[in-house]
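Have a look at this one before I ask anything.
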Amino acid sequence: MTGVLLANVLLAVLWAAVSGSFSLLNVAFGFVLSSVALWLIREQYGTMGYLNRVGRALSLFGLFLWELLLSAIRVAFIVLKPNMNLRPAFFAYDLRVDRDVEITLLANMITLTPGTLSVDVSNDRKTLYIHCLTADDLDSVREGIANGFERKILETFR
Amino acid sequence: MSPSEFLDFAIMFSLLVSILAFLVVSLRLILGPSLADRVLALDSLLTVGIGFIAIVAIKTGYALYVDVAIALGLVGFLATVALARFILQRGESQPKGAKPGTEA
Amino acid sequence: MAGEATKDIEALKALSMIQDSPLLGDWLVIMPIVIPFLAASGIVMMRQRVDRHAELAMGTCLLMTLFNLALLLKVLREGVVVMEMGNWLPPFGIVFVVDAVGALFALTTSVLGFATAWYAANDLDMRTRRYGFFAFLMMLISGVSGAFLTGDVFNLYVWFEVLLIASFGLIIFGGEREQLDGAVRYAILNLIATTLFLIATGFLYGITGTLNFADLARVIPELPDSAPIETVGALYIFAFAMKAAAFPVGSWLPASYHTPKLVVGALFAGLLTKVGVYAIFRVNSLVFPTPDEAIRLTLLWVSLITMIVGVLGAIAQNDMRRTLGFLVVSGIGSMLLGVALGTENGFRGAVLYAVHSMVVMTALYLVVGVIQRATNQRLMTEISGLYRASSMLSIVFLTLVFAVSGLPPFSGFWPKVALLEAAIEVDEGFAAFILLLTGLLTSIAMGRMWAHTFWKPAEALANQTVISTSVFRDPGRMLPVALLVAIVIALGLFPNWLFVAANQGASGLIDPAAYIEATLAGTDRIMGGPSQ
Amino acid sequence: MEIYLALLVGCFFALAIYLILSVHTVRIVLGIAIFGNAVHMSIFAAGRLTREVPPIVPSGLAAPAEITANPLPQALILTAIVISFSLFAYVLVLVYRAYQELGTDTSTDMNIAEPQGGPTPDPDTPRGY
Amino acid sequence: MTEYITGVLLIIGAIFAFVAAVGLIRLPDVYTRMHAASKAGTLGSGVMLIAIAVFDGNADVVLRALAGVLFFLLTAPVSAHLLARAAYCTGLKPWSGTKADELSGQYDSDSLHLDSVTSEER
Amino acid sequence: MAFSVVAPFFAALFAPFVTQGLGYRAGWVLALVPALLFAFFASMIPEVRDGAPLIFSHVWVPAYNVTFSFLMDGLSLTFALLITGIGTFILIYAGGYLKGHEHHGRFFAFLLLFMGSMLGLVTANNLITLFIFWELTSITSFLLIGFDHKREASRRAALQALIITGGGGLSLLAGIVLIGTTFDTWEMHEILAAGNIGDHPMYLPILLLLLGGAFSKSAQVPLHSWLPNAMEAPTPVSAFLHSATMVKAGVYLVMRMQPVLGDTIAWTTILPVFGGVTLLTGVFLGLRQTDLKLMLAYTTVASLGLLVMLTGTSHPVAIQGAVLYLFAHSLFKGALFMVAGTIDHEAGTRDWTRLRGLRRVMPITFVAAGLAALSMSGIPPFIGFVAKEYIYKGVAGTSPQHIAVVATAVLGNAMMMAIALAVAIKPFLGPKVEAPKPAHEGPSMLWVGPVSLAALGIASALLLSPTVDNLLGPMIHAVEGERTVLDIHLIPSKFDAAVMLSIATILLGLLSFRYYDSLHRATLRWTGWGPDKGFDQIISGLIGFSEVTTAVTQPGRLRTYVTIVFVAVAICLWLPLITLDGLPSVGELPPLNPYEWGIFALAIVGLFAIIVAKNRLTAVISLGIQGFAVALIFLNFGAPDLAFTQLMVETLSVVILALVLTRLSLEETDRRSPSRSLLDGGLAVIVGAGFSAVLIAVVQNPIDLRLSEFFTTYSQPVAHGRNIVNVILVDYRALDTLGEIGVVLVAGLACLALIRIRVRKTSGDPVAPEARLEAAE
Amino acid sequence: MNTVILRTIAPFLTSLMVIFSIFVLLRGHNEPGGGFIGGLIAASSVAIYGIACGVAPVRRAMVFHPISIAASGLFIAALSGVASLFAGVPYLTGLWYFPNLVEGVKIAISSPLFFDIGVWLVVVGSISSIALALEERELD
């Protein structure tokens, strides 16, 4: 996978050199062009997996941004309402991801999305402790994480 | 409202709101009550500061101030990390009233 | 197209830069900075080769001494020497402007640096070196030299900070608790002093729009409003007086100078306060040549009280190092007297006194260092029997006792006569009296020290002093001291060259026209100015 | 405009000095930090203020098109800031070590370097000859 | 058009920043306040950086603005995590209205070792 | 000539080595030095007698108009001959006296050093040169008095001599400098040529200052006490320095300046009064003593008083008497001191009450003592007699107010005669008593000197006319300042008042000797305060005063120091503004933007938060707020680089503070009493307002932007940089930056050392053998 | 601090910040930035690395002792001015050289650049060494 990414970057640089401009736009354009080229040779070198993964990463990122926006708005509503109806709680979440990078990514995403905030990961990396603002139904929150970010992370990285 | 008038309005509005945010955050900083509250307040202050720099960048037309904003984000993170550790160690290693200079 | 652009640049360069190439000799001006900087960084880079640090430092100081000697001769022969850093026209770039005073002081600095490095090379343990003793030494010397040579007031501030931080580094070596206490006092008070210097510089820029000494000398008389500039003058004098450890803001010196290692105390005593005095010279000469009478009178009284308070403090001490600290203060009073008199002879006396005091105080600290090494004691009441223990040490110490008291035929005599003459010729009889009284009290303080520690037999004390005489036979410690004592004697017996330099320096301080001309002539040629 | 800043600077100075006059070394250190800031702003104001236009030559021009802020004080302050920071770091570490070794952060309790803290004469001063 | 987008982004950003500030004041304990700070605060400043990108439009500025945003997104949750952890470990009690605390008792008070809990244990 | 003055110094350098090789016999060898010098000076006699003063000038400090120059006239020549002549005998005597002493070589060296100094003093033409030698005699005297350094009395006496003569020296120096500024020269011959300056406005200060020096050196009351105490020195020193030569330096100075300063009311009042009082005090105190050396010392004091008194009359004949007496005194007193030393050396005591009948065992010494005592008593045909004759001639022939002078002279001389007889006769005559040591005649080294000097006392009187023609005549001329015709004879030509006074003196002296014991006891009845006790009181008072002063000026409290500093700052800020009417007026204020108010408010909030902060972290974070506000101000006023740096630095400061404060446990509250708070607050507000006011005053006038315009113009085209601030930092003012990174490096290094240094906990061991550094890596 | 999240993210942030700092350094002659600011950013990154992963890995990563790095910076800066000795101009005079690497890609090699690199090294080395030493001190 990294090999393909490297190839992609190298091709983009080659494009920039050939076209005589190292401006950002040109390099970015070269990157897209070389992605297309890599897509063309997908059968010979199996580059499709790489491209799929890039696509899934983009989709994860998009989901994240959207959730962040929602989350911020929700916080705004809570905070600006005269009567903040808070029911906070600390709860444990059983992790399926077990690599450090994935755990970190997940924890960060949880923090930036509505109502939840990662407090810590247990030392054996099995449990993520989360603080949430409205603890009416913790199980549905857990489920939302499991089926949302955690699944997407697993898809992207595995 | 012409585009530039609108932008001027938006800049002035956001500047004022940012400053207001600064002051409100500072209030938390003074009130505390816990150390974590104060560190959180400082962290928020820097976050708002990043926005403030962005506004100034647009106001002055020097978009390169974005670097200042990024740098502020970097060191702001460092500050929070260091202070969080400070809280941990203060809470842990040296209870109140411990006599100084007892080590080594 | 490209050629045209190049031509444009050349034309602009002709307007903004000095056109003549500097003579190779002009590089002497910057060497007191560059050499120790390179040496200091080299020492730190060679952290693992601790054994080479001392040699490098001594070699550097020796080289600097040679260069500074050449520089002094050049200045004495050719007048003020200037180098424009970055080739920019003064007052826009930074210039180093070296007159006789600056060159003389720089030379003294490098000599003292050599002596202390030599002594330290034989006195310090490897751990002290490992943590950069010699790097601090190098930086201290470069800071002091920079302060003596620069022609730019903000640059002067920078050198002040260099020497300050280097002294901060040096003061903590030794591993004693009282050092930390002394260092806290030293650091906080000195930090306040340099900060005041900085703000005064900011104000000065705000008033005059320039930072170059020579340019300031031209601009300030033309100013419409005298109140702000007088305030700035007062702030400068204050900040420098504090650095110089004048009464009543010099308490930091007796509070701290006795705490570090003796070799560090020797360096400090020789160099640090003199930088404050030198800065007062410069500011007095170029920036505020006709200070308010009130400022001058204040300075006069400050100088007199500093002399007396210093020497009384010296008499009151039992710790030999503290006595020396107070004597440093007292000497500062004498130098300030020369400045306060405001005459050419006054400046001459102050310059002579400064050189004398630098050498003698350094030597005294080193001698006390030898004594402490040998006896493991620091109180006069705990040390005795040195007279019998070493005649070499006795000669050295006695010479310094007489020198510091201003007795002939040693280095302290000539400055005293010159200052006395300066005071008498402007009818400051009381100042002359205080000057002489200080000399007498100094001889009492030091004479008692001599009687108690040297003449008094070892058996006279309840705890008989144990003297390890091998220290007195250690050439590594005794030779640097002997070198300084030889200088003290030489300055007493053959003071003519020193008078030549001091005369030239003092006349330059009173009438800085040559200094200004040397600095700004090139600019005037290009931009049109007073000398056109 | 400078006048406002001057007044603000006055507040900075006053607070800094109040802290430096404290007996607690850490407060002194904080005071020194604020003192530095006050000085930097003083220099800034002394070099006169210009709103917003930084002293940067726009790309492609030989000189700025409009009046910029005065660059020299900025350079001086930059130098001063870095120096103050270095000294601040040193003093802070020094105070910390002094606290560790002397067991106090109160300057009135630090009396090792100058033991005779009172007006009584030192009985140790040698007398006789 | 750029002006309008920029202006709107600025206003949005400022409002979020303000929200974060108000949250900091109004919310009852440090853990709840962190929600406000980490979400609204980050979004607020992020949006304003994007406003620069929109306003300027030069590739290098856009790239740096985006990199900045990415950086904040990376660091803000870490800050929150570290602070919350530090607060909890040093015994800062959550607000009395906190419904549940599954973290309670999981930290070893000396080593700060954090145990895991399985769903069965819950 | 210069070489002859410098020669003893060189000889001194070699003396220890010579002594190492030859032992006590080195005295004979080293005595060659003064002997040769004596010959050299003697060879000058004809020239000096016949002509004008000889001047030998060498370039020394041309940049300060100081020459190494010498003046040879009758006055200096006589002194030079006395110094070298007596010095020869003293060196020989010292060889025997200190035989076997561990520091014998050092002693010779000191003696030779002194001799050179004294020669320089009396021959110097340049006043600065004179002063240098003057002080050198003080220094060598200090070393010689303290030679027996193990005894506290010796150390005290040495310091006392140094302080009193040194203090007097300073007075002399002031006088010399005043002469220099008055005459515009320091060359003696030019000053002498200028004639009497009695009318000059600076006359009195010059006179008083010079007399300060002369009186201290020549032990005039009340500065006399050091001289008897100086008898702690070994006897050769007493004989040489403290009778024959050094103490005469003051007399020399008075005589030297007599032509210039003499013959005024001040001169003829001050000198005779001090001299007379000294004379009487000297003999009175001399009578109290039982120690032979002390008796001689007090008569020396008295003789010096007599000399000063005589010179102070400015009467030509009195001056003749003074010159004769000076010459005679040097001979007989030197001899008597050596005799006293020999007795001490051989009999083990100098107490005349314990010595009797030594004439048999020490015949040669007795002869020397007798001859010297007779000369001292003024018995013909000794030179002492001639001196006394002319003294009386001088004082008796003058105006009536000199009655007092005459009476003083007669009384003083008579008592001195009594003491002289007591010294010379009492130990030798009578039945032999048991001395601490079995006495016998000393070796030749111990009697050559006294015998020769005593013999000279009679020889010079018998050969009076050549002595006067060649030696004393020119000296008298020098002191009088003109060449008067001299008429000096051994045998009085007529029976005049002077002869009567002489006889009266001898009769009174004999009478006193007859009743010496009761006289001695009578003087002992008077006990009380004297300047010698006063010296101790002054020194201990000085120490006490120093302690009190230092406790006030150096109270040891950091807060006090800081307070003083800021009070001084407040004065520096406000005083010029107020006195020069520079208080700024605040006119039209330009409006501030609302958000600018906000930034200012943020800064104030930060400051406020620091004050109210109850714990460290709050204070640290509040520090962050104000730093952040400062950065915003920089940003707002077009300083992105500054804002950038400020943000980074403030944050890093907070980080380092946090790192450090982790281990610090500090007081939560600012421990200040309310009054102290008010005081500190008041001072802080005054200083803060002062800075504001000055800053406003600074910005009131327009600024000259030359520098920045230059930078702006050339940054891009010449320095190739568009960020002008950065170009200033790395090009225009790169040297600042270089120094500054030096600061950064050293700060890092210093912090490193500070953190690593291990400090000892015990404070018992006062000197650190080595730094306690922990090996880090 | 022993948390998975910080330890995971810190190296990444560190490398990002170092790159940013070098960018700020090189760009400083024309835009806000320069050796100081760049150096401070890099030092911050070292501090983060140190806090997250411990001092020993940082020391290994830096290879040389940070204070030696700082010293080399001072050496470079001081020496960059000496180059002008050979150009016959005074100390610290800016010397510029514009080689064409590739056609159209002009880069500037200059003594002020080396000077600024020296500044960068000094700031990085010095502040890192203070921070690391303090950090080590925490542990003992």
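By letter and in written order, the chains are A, B, C, D, E, F and G; residue numbering begins at 1 in each of them.
Heads up, the rule we're going with is that contacts are C-beta pairs under 8 Å (C-beta built on N, C-alpha and C of every residue); 3 or more make two chains touch, one makes a residue touch a chain.
Just so it is clear, the model here is predicted, and its values are computed rather than measured.
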{"item": "Both-way neighbours, i.e. chains that touch subunit F and touch subunit A", "value": "G"}
{"item": "Joint neighbours of subunit F and subunit C, given as chain labels", "value": "D, G"}
{"item": "Centroid comparison with subunit C (C-alpha atoms), farthest chain", "value": "A"}
{"item": "Farthest chain relative to subunit G (centres taken as mean CA coordinates)", "value": "F"}
{"item": "B-G against A-E, pair bridged by the larger set of C-beta contacts", "value": "A-E"}
{"item": "Inter-centroid spacing, subunit G versus subunit F (mean Cα positions, whole Å)", "value": "60"}
{"item": "For subunit D paired with subunit E, centre-to-centre distance based on mean C-alpha positions, whole Å", "value": "34"}
{"item": "Distance from subunit B to subunit A - Cα centre to Cα centre, in angstrom", "value": "26"}
{"item": "Distance from the mean Cα position of subunit C to that of subunit B, given in whole angstrom", "value": "46"}
{"item": "Residues of subunit A touching at least two other chains", "value": "107-108, 118, 120-121, 125"}
{"item": "Multi-partner residues of subunit C (at least 2 other chains)", "value": "37, 40-41, 44, 85-86, 132, 135, 154, 158, 161, 165, 168, 172, 177-180, 184-185, 188, 192, 199, 203, 206-207, 254-255, 316-317, 379, 448, 451"}
{"item": "Contacts with two or more other chains, residues of subunit G listed in rising order", "value": "1, 3, 5-6, 9, 13, 30-33, 36-37, 40-41, 44, 47, 65, 67, 70-71, 73-74, 78, 81, 91-92, 94, 123, 126-127, 130, 134, 138"}
{"item": "Interchain contacts (touch definition) - all pairs", "value": "A-E, A-G, B-D, B-E, B-F, B-G, C-D, C-F, C-G, D-F, D-G, E-G, F-G"}
{"item": "Complex interface listing, subunit D residues touching subunit F", "value": "1-24, 26-28, 30, 33-34, 37-38, 40-42, 44-59, 61-64, 68-72, 74-79, 81-83, 85-90, 92-94, 96-97, 99-101, 105-108, 110-122, 125, 127-129"}
{"item": "Touch list for subunit C against partner subunit D, complex", "value": "154, 157-158, 161, 164-165, 168, 172, 177-185, 187-188, 191-192, 195, 198-199, 201-203, 205-207, 254-256, 258-259, 316-318, 379-381, 448, 451-452"}
{"item": "Residue ranges of subunit B in contact with subunit D within the complex", "value": "56, 59-60, 62, 99-101, 103"}
{"item": "Subunit G - residues contacting subunit E, complex", "value": "1-3, 5-6, 9, 12-13, 16"}
{"item": "Residues of subunit C that touch subunit G when the two form their complex", "value": "18, 21-22, 26-27, 30, 34, 37-38, 40-45, 47, 83-87, 132, 135"}
